[in-house]
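When the chains are written out, they are named A, B, C and D in that same order, and each has its own residue count from 1.
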Amino acid sequence: MGLTYEDANRILEAALVKADEIDCKMSVAIVDASRELVAFARQDGAVLVSAQVAINKAWTAKSMDMPTGDIGPLTQPGQPLYQFEHAADRPIITFAGGQPIIVGGEVVGAIGVSGGAVDQDDSVACAGAEALAASV
Amino acid sequence: MGLTYEDANRILEAALVKADEIDCKMSVAIVDASRELVAFARQDGAVLVSAQVAINKAWTAKSMDMPTGDIGPLTQPGQPLYQFEHAADRPIITFAGGQPIIVGGEVVGAIGVSGGAVDQDDSVACAGAEALAASV
Amino acid sequence: MGLTYEDANRILEAALVKADEIDCKMSVAIVDASRELVAFARQDGAVLVSAQVAINKAWTAKSMDMPTGDIGPLTQPGQPLYQFEHAADRPIITFAGGQPIIVGGEVVGAIGVSGGAVDQDDSVACAGAEALAASV
Amino acid sequence: MGLTYEDANRILEAALVKADEIDCKMSVAIVDASRELVAFARQDGAVLVSAQVAINKAWTAKSMDMPTGDIGPLTQPGQPLYQFEHAADRPIITFAGGQPIIVGGEVVGAIGVSGGAVDQDDSVACAGAEALAASV
């Protein structure tokens, strides 16, 4: 069975705890295997653009079954996937902050985080992505 | 000050309680005055399309400062706003399920609900929209 | 020579005077023959969606060289242009509130108005469209 | 209370005065906190593309709550936000000419300017953004 709303909420909570820990206002989006939204939060003070970017990161991480930050190096000028961000019907995000959610070796969804520097976004995304594993 | 994440969460919870009460699986979206998402939930079993429709209903209710269900009669064939749903850069929803969130006479955001019949969606949206008033 | 910024401003002012007269909060957009914006105003209290709709009405009125309200009857179910609103790369508006701006028999631009009932929108659009003629 | 039309007009006028001073034909767009247009002007002779670019700059500056010119260095090849301009549902502008409008420490809107070289655009945007402060 796929990612439940209860799962998504546990992931969301873990991500928000991490965001508070590093004192950064974040948007956090959780999608299931279909890449549609299951849970979302935008903290007070997170810039407006972070909402769409977080959702697009989650969409990308499940679309590729990989962390969004791993895509970036492949899309630099001269690299094999140069301009890959325009290859689909919606934005593919190629910088960090999106992480697949893996349960039992299967990618059941993804989390996308935006609002801070990309390494901050990514640390919050990882905290969320690891929440299910930790709670089992 | 505008709609906070804490406010949005209280609205979301009230809507989900109502959805459970009427035993209908729903997507619920809360936007602030900017019409960007603040909080979102999709319950297990809600159809995939409900995610986008809920978000678009919330966007519409704040774009118009009125319930989405009030727009529909004006957009029937032969009526003054026929085809209004296509008039903006994203879908304007003209059936029920979106409600403005009003605090102190000001529209501070909106809630959009999708997943059931439109009257079910609207009853959940109203339960959410009234949550802040009830808690003051 | 085409519609100047000074012309557009005179049109805008005449439209806003009319909006105040009928006590309706409006968005007013003026485009030139290329259909790009030359002047725009959104009055305090006009609903958010009115900004995009006004611009789309002005775009449509010059795209068709006719009042947007004249398009509606042709696009009703069973009529020759049914679903015409989706025929271009951006929304074609088929209800009233967009008027071509005609100088010396030539369509030099258009005005689009949104925020009220469509007949209110159209009366403001007409007031704007007639401003240049009146001032010559 | 947010940015009024009167505020936006004062900002617009200050920007156009600066554009005339540096003898450069400009498009100038003012958005409020919702990022919808409040006021806009395109001067005679400003290239057509400047209309959309000015609007997108204003949208970006409020979406990020920062000057658009500050985004560019982060989005160069090899930098953390490379390809950030495609991360949202509409273009994020990463070069100068968009400035947040700040009143009492709060970002109440933004101005976007296009038509000249980016430093010209930015000087006009700054002249506009400072107009409210100057008049208080």
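To be clear about the criterion, contacts are C-beta pairs under 8 Å (C-beta built on N, C-alpha and C of every residue); 3 or more make two chains touch, one makes a residue touch a chain.
These numbers were taken from a predicted model, which means no experiment stands behind them.
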**Asked** Between chain C and chain B, is it the same set of residue numbers doing the touching on each side, over half shared, or a different set?
**Response** different
**Complete:** When contact pairs are matched by residue number, over half of those of C-D recur among B-C, B-D or A-B in A-B
**Prompt:** Using the average of all C-alpha atoms in each chain as its centre, how far is it in Å between chain B and chain D?
**Reply:** 31
**Fill in**
Separation of the C-alpha centres, chain A versus chain D, in whole Å, is 30
**Complete:** Taking each chain's centre as the mean of its CA atoms, chain A sits from chain B at a distance in Å of 25
**Fill in**
Multi-partner residues in chain D (2 or more other chains touched) are 34-35
**Request:** Once you've mapped the touching chain pairs, tell me: line, ring, star, complete or other?
**Result:** other
**Prompt:** Hey, which residues of chain C end up touching chain D in the complex?
**Reply:** 4-6, 9, 27, 34, 36-44, 48, 51-52, 55
**Message:** Show me the residue ranges of chain C that touch chain B in the complex, using the header's touch definition.
**Reply:** 47-49, 52-53, 56, 72, 75-77, 85-86, 90-91, 93-96, 117-119
**Asked** Along chain B, where are the residues that touch chain C in the complex?
**Response** 35, 60, 62-65, 77-78, 80-84, 86-89, 92
**Asked** If you look only at chain B, which of its residues touch chain D in the complex?
**Response** 33-35
